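In the two complexes that follow, chain A is the common piece, with chain B as its partner first and chain C second.
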Partner chain A sequence: MRKVLGNKQAIALFVLPAFILYTIVVIAPIVISFYYSFFSGTPGLKWEFVGMKNFLRLFGDSRFLDALIVNLRYIGFVMIGQVGLGLCMALLFRFWLKRFKNLIRTLMFFPVVLPTVAVGQLFAKIYEIQPNYGLLNSLLANIGLRHLVHAWIGEVDTALGSLIVMDIWAAIGFHAVILYGAILDISDDVIEAAAIDGAGSFQLFRHILAPLLRPMIITCLIFSFSGTVKMFESAKALTGGGPGNATKSLSMYMYDVAFNYNKVGYGSVIALFIFLMCIAGSTVIGLFDRKEDL
Partner chain B sequence: MKKRALATLMSTVMVVSLIAGCGDSTSGSASSATSTSSQTSSGSDFSGEDPKLTKHMKISTIWAEDNDNGVLINKIAQDYKDNVNPNFTWEYEYIPSADLTTKITTLAGADDLPDMFAYESGKPIVELINAGKIVDIGAELKRIGSSDYVTPSATSLLQTLSGTNTIYDLPLGLNIEGFWYNKALFQQAGISAPPATMDEFEEDLKKLQDAGIQPLVAGGASGETWGSTRVVNAVTVRTLGNDAMKKAAEGQAKYTDQGYVDAAQKVADWAAAGYFGEGINTVTMNAAGQMLMNGQAAIFYNGSWFAGNLNSEDNAAGPDGIGYFNVPVVDASKSGATDYSMNCGNILCLDKTKYDDGTAWFLKYFVEHIGDVAMETEGTVKGYTYKTQASEMSGYTKLVLDEIGKATGAFTWYEATMGAEVSKTAQENVQLLLTGDMNGQQYMESIQEAFDMAD
Partner chain C sequence: MKTRPHKKIKFHDILTKVIIALILIVDVYPIFWLLTASIKKNSEWVEYPAYALPRGFYWQNYVEAWTRGHMATFFKNSLIDTLVSLVFIVIFSTTVGFAVVKMDWKWKSAVAKYFQIGIMVPVATALIPLYQMFLKTHLTNTYTSLIISYVAFGLSLSIFLITGYLRTMPNDIFEAAVIDGCGIYSLMWHIVVPMMKNAIVTVLVLQFFFKWNDLLFSMTFISNSELKTVQTGLLYFSDEFGSKNWGAIFASVSMSILPMLFLYIFLNKAIIEGMTSGAVKG
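Take a look at the complex of A and B:
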């Protein structure tokens, strides 16, 4: 084996096919996007070199700024919600739930396997106000909270929050299962020793469980970040980006610009910005990882 | 550390490539489009018998094969194959209407348009014309001797929308738009006749609301807000004239001029008064239509194609429960009672690079027969001449035909003269106009800003 791995030709034989495929599928589109960002129009229809104009336009584009703010708020709340509540559910499975564990875990995981569009349709019905009240508004009206009946996805103030709730609900089971697995890996001896030493629930979590779970929490955060930074299909399915631009993310705006407005060059600039945002986000999450190494 | 940096880079690259993948999904499916014709000659004589050329066409539209115009197009293609040219074959592709412009633009950029495809008249088709991608159908119809089969009104409308003196598209409808109303609810509110003027209209809205009836409903859900911008358009045109939107698009006026702002503000005021009910921004056009038919709302703006829904058994209001009135007049000297919002629906274009004599013979058959087939099978007018009459024409179909017969002038829909960016801004922000997050001034400023920013 050492002989094979010491042979550069053998290494090239193993690595090159995957590298070539990766270059074609991943790296080349990014390079092409960068090249496109210096042009205006659509390739094949109206395509002109414009230099840095697309980059400069980014700074004066209020719709881009709106989409960025929506995206950042969405990332922040959804990440905290998915991983935080996922952790709570995992703790619930391990320490408090005594009966119907498997059934409840299955029910919690069920939304993960549902198609996003189906989840969007389901929640559209839950939030419905016209022509008939949906589940939420019916419930509010029937328990005497008529004043809280609302066009949840039809108003600027509540549309993003409604979307966030839906996406947390849809992914919470995924994170709960991952973290539950990590909790099961923690030896009962450690937990019992902490209890004998007089650690309460909070202290047990703060000083025993949290440090041991940190690698898996970071993994969950990365999963959640990669899912939320590209915020697209769930918003498309539930709100379509509206009302106005209240739930329109950067990738939705990029799609509009590139494919609806036929400005592929400017759309490429937005895609590059998203790329930089990914690097920044990954770096921030990586900081927690570094702290663990110390 | 290097490993971590590499892992970070790889994960970010992965995410970006996923995002980039979103936009490419529409480009692949048509790449297998094939178009073959064994014989072509520009000097063919089209006055004689069809030469039965071998031809395979790809036809892409927004109608499923078993629905609406999809039935019609496939029937004509089948009739052509069965009765005229056995060497003709076709492949029918359905494109969701929301993806239409994106897909066609992408295919146009790749020089891979289908032989025949549905598209949007107005600004979108102008871009294809300017890029030289589609056939000058007007000239071709003259060459093959079939230009008389497209009605003058449809031809005129298409020419106006594309800003040319010929047509680059085939109509698939000759529609009027206006307000459909529930007769029983009008009666319940003590309204004896539909309003003729905008003042009467507003009085009726008030009466309906006072009677505990939701006066208006419109499509306000994201992606279907054209139902709401049409209402803004109706008020704008009646106030400023039939060419109001064209003037703004050509720079002769600004979208922020007082008349445009006032019209938008009027609709905002109606929404603020509760005339559209709760949560108008979540109502789809389909739901709005159902609300009208079920008696949950009194008035609904839509086109004559809505007669298809009214003719169905789902219409709880019955065969005579729904009435129609044209947009009420504000100033008859600017836009009168017989001026209608008219359109030809989604239209059909022909790809220039794949166009040959095989397509020309099919085109000839298509325009010479679609008028009759549409009238016989659907009882609808498509913008072509027809000889036959529908055997059992419903009251709603007759109502539409009567209204079309009254038309002496026409105006287009709100976004017809707008580019994609301006159009999307108008449709997205009308939701904010309806919720009160924008007033008329802010709404029109957002449209003007998009217009100024668009290249």
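Take a look at the complex of A and C:
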């Protein structure tokens, strides 16, 4: 037994190829990014050591700050929409939906599997105003709301909101299905007992469901956060970051800096910032989970 | 007293039905619109409102997307990149998973933790150094660059799911097999792999969607349009067709979601389970 499961040659064969690949492609780049962040220019081309200059530059860079604000607003609204509305839908399924539960769940989940770029292209046409009205504008125009017809993704005021709506639409089914599963895990006895004790819907939610669902809500928030902090694909596909920089995220700004302006060192600083934000945010959300246990 | 609660329930019932109907419309209608719009003639966009149903079946849109829009090439590339990556992801995650859960060696829990770091690494963070690496090794504009990145970035979550599954498996079976004279490699192939069929399906489903949907790696490492994937191709579609040829754009977007639609019709249970397993088992 020992001999077979302790077979050194087999362990090396099983672990080493993946270990080496993972180290080079996933872990090493973080270390290299850190190294790059002390240089200006492009490797092999005007590559100079500049010390902390790239880091200091971050705080005075208004385009970076703009991207950070766009990204934070996006994170906040999308998280609330995906998890908050997802929870509402899950509750709706559990307590008010009597038939077709599986069919509706299956339909709801479908947008989750669609490629982000396809969703972006679809919504670009939904929001379109030129050369023809898209779906939204043509519906508005024909139900007497012509004054609402609008270049949804062409104007600074509505572009980010339109993007947020799209991303909530695309992922809400994911959160609704997960939370619905968690609600089903709560035994009917607990809910019935509370109802017999005279708890109303709100009290039932506040005192019974919310505490029991808490861990899964936190998991959903972490998933939603780690998806939105990376904000890139959907914005790229819907608006390309525009109009102006109205929907330009940190990742998109990093991409511009590193690949279009060829400032690899400064781009790496932004990349590290995204990495730290990702870890810090998930850790903070995770803390809410443990607090209640004490 | 008797009629009031009765009335209330009825109103309640209608309200929930309306809400559920609204949710379903919002969820399904855009996709329905996309599919029906893909067979409209370009003139229909001018003559009728955007929500109008198509007047006929104008398949020419699909022909145009497939040939002039290079969708045929993009599909081939996406299939090669995704399928080859999936093979490696499954092999690596089952072997590493088995080694860190069931085998005896000193560093196994440290290595398991090390592989989990990757779950937190955003693709954007690794992008710049990876691009420089591929540039130096002349791997930009190759299938290899994408497959290497897809596999490496697919490992953390896959190994996490496989190890979670393996931990719930009793050791008796392996012990019995070993006592019967089974070597480690035949144990892996004849016992572990068949027993982990469900976990492997989960990994396949999850990673298929992740890899098929990748945009960031493919738009960074691939500039040759012969090697572009469906996602990068779609992104620059409007450039190819101009903003007025809606028919061809809708046809190409529809084409990119049709495989998903068919997979989903037949495998929706496995897909929902697979996609949510990362959250449910974490």
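Here is the rule we use: the second predicted complex is superposed on the first by the 270 of 294 C-alpha atoms of A that agree within 3 Å, B and C clash if a C-alpha of one lies under 4 Å from a C-alpha of the other, contacts with A are read in each partner's own complex, and residues count from 1 in each chain.
Keep this in mind: contacts are C-beta pairs under 8 Å (C-beta built on N, C-alpha and C of every residue); 3 or more make two chains touch, one makes a residue touch a chain.
Model, not experiment: these values are computed from the prediction.
Student: In the superposed arrangement, does A:Gly154 touch chain B (first), chain C (second), both or neither?
Tutor: first
Student: Specify the partner with more touching residues on chain A, choosing between chain B and chain C.
Tutor: C
Student: Check the residue A:Leu72 against both partner chains and state whether it touches chain B (first), chain C (second), both, or neither.
Tutor: neither
Student: Kindly classify A:Ser40 by the partners it touches after superposition: chain B alone (first), chain C alone (second), both, or neither?
Tutor: first
Student: Which of the two partners, first being chain B and second being chain C, lies in contact with A:Ala18: first, second, both, or neither?
Tutor: After superposition on chain A, A:Ala18 lies in contact with chain C alone.
Student: Quick one: is A:Gly6 in contact with chain B, with chain C, with both, or with neither? Answer first, second, both or neither.
Tutor: In the superposed model, A:Gly6 contacts chain C only, not chain B.
Student: So in the superposed three-chain picture, is A:Leu212 touching just chain B, just chain C, both, or none of them (first/second/both/neither)?
Tutor: A:Leu212 contacts neither chain B nor chain C.
Student: Who does A:Pro243 touch here: chain B (first), chain C (second), both, or neither?
Tutor: Touch status of A:Pro243: first partner only.
Student: Please indicate which partner A:Pro111 is in contact with in the superposed arrangement: first for chain B, second for chain C, both, or neither.
Tutor: In the superposition, A:Pro111 touches chain C alone.
Student: Taking the superposition as given, does A:Leu140 touch the first partner, chain B, the second, chain C, both, or neither?
Tutor: A:Leu140 contacts neither chain B nor chain C.
Student: Can you list the residues of chain A that touch chain B in one structure and chain C in the other?
Tutor: Touching chain B and chain C on chain A: residues 25-27, 29-30, 33, 43, 128, 130-131, 226, 229-230, 232, 251, 254-255, 258-259, 267, 271, 274-275, 278-279, 282.
Student: Considering only the defined contacts, which chain B positions touch chain A in the complex?
Tutor: 4, 8-9, 11-20, 22-23, 26, 101-102, 105-106, 108-111, 127, 130-131, 133, 217, 220-223, 225, 277-283, 287, 290-291, 294, 296, 419-421, 424, 428-429, 431-432, 435, 437-438, 453-455
Student: Which residues of chain A touch chain C in their complex?
Tutor: My answer: residues 1-2, 4-8, 10-11, 13-15, 17-19, 21-22, 24-30, 32-33, 36, 43, 89, 92, 96-97, 104-118, 121-123, 125-126, 128, 130-135, 137-139, 141-142, 169, 173-174, 177-178, 181, 216, 219-220, 223, 226, 229-230, 232-233, 236-237, 250-251, 254-255, 258-259, 264, 267-268, 271-272, 274-275, 278-279, 282.
Student: List the residues on chain A that touch chain B in their complex, please.
Tutor: 25-27, 29-30, 33, 40-46, 61, 124, 127-131, 149-151, 153-156, 222, 226, 229-230, 232, 239-245, 251, 254-256, 258-263, 267, 271, 274-275, 278-279, 281-283, 286, 289
Student: Along chain C, where are the residues that touch chain A in the complex?
Tutor: 12, 16, 19-20, 23-24, 26-28, 30-31, 33-34, 37, 45-46, 49-51, 92-93, 95-96, 98-100, 102-105, 111, 115, 117-118, 120-133, 148-149, 151-153, 155-156, 159, 174-175, 178-179, 182-185, 187-188, 209, 212-213, 215-216, 220, 230-231, 234-235, 237, 243-244, 246, 249-250, 253, 256-257, 260-261, 263-264, 268, 271-272, 275-276, 278-280, 282
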